[in-house]
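There are two complexes below, and they share chain A, which is joined by chain B in the first and by chain C in the second.
The block that comes next holds the complex of A and B.
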């Protein structure tokens, strides 16, 4: 009964003043204005024109970094090798939200064996010099702990060599590792490794996961990104290369990476994703959140927009 | 040579492919290009609020 009384008390919408409004005209003007602006700005400023970073450019620019990274791929100590799901089953790896291991729950969807996929298979697939064939045979015949000892010793030796230069490494028991990584470097510099890591048995090769993972395990890509202010701790998510504007609307997402506890957390990606999901949901539900939904009434911006109407009411 | 000439004719009048300029303010780090775009967006918002509605024909 009371509900019916309230409904009856609502004012008649037809009693309000109206104004003509041509939606099609507004749409057309907006479309033409945006099209002219887009074409004009593109002609004036063009677009970012960075050269692609490939395994070939990396191995040519910093061969010592490439070799050091190849050793970690072979020994299973690179970032990718120890990343956990979706690439491998590294115990304890993967980000969590509280007790929930999101990466582990999704499982290993893109299996990557860094030694086999990044080093051994490309070497086997390329025409092999006799010493590389012998090195591959020696590596395959050795037990896992022997392989680990070789890569660990060679990694340490590279770290101590001037500039990490393989040519200046102290003599030691590195097994076939120097031969394998030296040949891989030659393949990469020739551009062959890029093609081999892309090849997945399909006609069109569009999956750059493996070359990207290999690139990311070295320091070259990270150094290039940092120089362009694209690193995570540089608000990189909202930046673009050169002097171009970037994704300014991602300011809140990238902001969390700059402050504690996120910037020092191993689970930063998962935690920030969850936080942004909660905030996005809250944004969608603004009309239902008491207090927040009243902000337009308090700020009275609507009175500024419809000032002529409210002036007439005085 | 001809290709180079064609490229230079097609080059944009304003070349932004140079190292970016950044403003640092405490934990905040933002590119000048992003600041300009944000400033323009604020300007468009203020203009949209303050500019009077166009007076169309037949308006009451």
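The block that comes next holds the complex of A and C.
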């Protein structure tokens, strides 16, 4: 019989000598062993549960970062405001795989207007001091380019102020922006903004998209993550807080973010997802990929696994 | 006269039709997976390595993960943050998943180096590989619904990858309610069905013979079997 023919028709396992085997006994022993091992590991190492960051804790811990972020939300220059699909229609935004732009093709299915959703609506919904009502009226009445000029000037001024402190900003033409952001900071510090961004006018709610996007636009959340060795260049989300194994099985996905050309590409996410999709498909189709399916024969690790069988054949 | 038109031929045909769809399904199931294949009390003698243990360890740890997840579900997603018992159950859930993934990866590498897809076992490999990918997704959504700092950071990072390829428009990792449903309903259902399919395929095809093994001649086999206890 040729080698090729033999490979095409593997022998029937039933044709080989047998040995006693108790399937249910093996399964029961394995189940008890795993349960005991799990109970031991849980008792020894517990599980991480770092408190989540709220808009209230962020605005209390770093009010200047909160204010700087709120100005960019109002002026439409924050990361979320410039994101593109699925949140908004920012021209030119959206990653591509070569010429293919799946992000834009999916469209805007979770619309987010950062000025309206994160700043103006919460201010309108809260009891308004007279100066805030006047500031809202002034903002609404101003043309878009005027609004842009105010937020841009105030962002620059905050950048130049010591520690970005709004109280130390040089005088300038910022329109109603300082009043609006100051009031938003007060709402956030009181805890009202967390509820407003989540509820969106409804009672029951489980969608944290808006408060999460706002949090992500600031630097506080990222700073806390970096301190917990969770930043993207620290192998990012495969880790978790504390000394826990995290999602170690995501190592290959995270690995691509650490090397060129991905780590410097503006399309890194899309390219890495495309690469992982191809690799995942190849993984599923290993039995049909010439070369890859022959690796076991070349490496001969199988001779270690079946060493008793091969020893008996000598 | 053909056999099918004879009285005995008709009887055979009638016997085949007994029970309608249900009878046909039963006959197919018994033919495909007879009891001695489904619950074997012998295995080929070449099945003699510790690597074989990792398949059953993987299934066992999946069962522990599902069971501990069910206990968490009894009290709801916020319970374990405020209760020491809940915290321990959450720890059981976490570590059973870590063990599950660890055992599965060892099992996977073992099957790779055994070229376990040989002999009409490609579907067994493929269902196992898809099980692994579904497990990654299930574990990932679990991390998203912890309601703590890890969930916040992981969801904030993961959204960019999913949005970049258009998936995020439908699968919104910042939507806790949606992710909870995926984690405790949809993905476990998919993983459970895939696992059942995978295990039944293993039982149906039997344990893959060693590479280049030749089946013993019938005389050889009967002699070898005769020495079994």
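In the analysis below, the second predicted complex is superposed on the first by the 295 of 314 C-alpha atoms of A that agree within 3 Å, B and C clash if a C-alpha of one lies under 4 Å from a C-alpha of the other, contacts with A are read in each partner's own complex, and residues count from 1 in each chain.
We adopt the following convention: contacts are C-beta pairs under 8 Å (C-beta built on N, C-alpha and C of every residue); 3 or more make two chains touch, one makes a residue touch a chain.
What you see is a predicted model, and the numbers here were worked out from it, not measured in a lab.
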Using the touch definition from the top, say if A:221 reaches chain B (first), chain C (second), both or neither.
second
Chain B versus chain C as contact partner of A:248, first or second or both or neither
both
Just chain B (first), just chain C (second), both, or neither: which does A:18 touch?
both
May I ask you to decide whether A:105 touches chain B, chain C, both, or neither, giving the answer as first, second, both or neither?
second
Going by the contact rule set out at the top, does A:46 touch chain B (first), chain C (second), both, or neither?
both
In the overlay, answer first, second, both or neither for which of chain B and chain C A:125 touches.
neither
For chain A, which side has the bigger count of touched residues, chain B or chain C?
C
With both complexes overlaid on chain A, does A:301 touch chain B (first), chain C (second), both or neither?
both
Which of chain B and chain C A:283 touches, first, second, both or neither
second
Please indicate which partner A:137 is in contact with in the superposed arrangement: first for chain B, second for chain C, both, or neither.
neither
Chain B and chain C contact sites that coincide on chain A, given as residue numbers:
17-20, 22, 43, 45-46, 48-50, 228, 240-241, 244-245, 248, 301, 305, 308
Quick check on the complex: what are the chain C residues that touch chain A?
39-49, 51, 53, 56-57, 59-61, 63-64, 68, 80-81, 87-88, 90-96, 98-99, 101, 105, 110, 112-115, 117-122, 125-126, 129-130, 132-133, 136, 139-140, 143, 146-158, 160-170, 172, 174-178, 180, 205-216, 221, 224-225, 228-229
Using the touch rule from the top, collect the residues of chain A that touch chain B in their complex.
17-20, 22, 43-46, 48-50, 227-229, 234-235, 238-246, 248, 258-259, 301, 304-305, 308
Enumerate the contact residues on chain A facing chain C in the complex.
3, 6-7, 9-24, 26-27, 30-31, 33-35, 37-39, 41-43, 45-53, 83, 85-86, 94-95, 97, 102-103, 105-107, 109-110, 206-209, 212-213, 215-216, 221, 224-225, 228, 230, 232, 236-237, 240-241, 244-245, 247-250, 267, 269-270, 272-274, 277, 280, 283-288, 293, 295-297, 299, 301-302, 305-310
In the complex, chain B touches chain A at residues 11-22, 27-34, 36-38, 49-50, 52-53, 56, 58-60
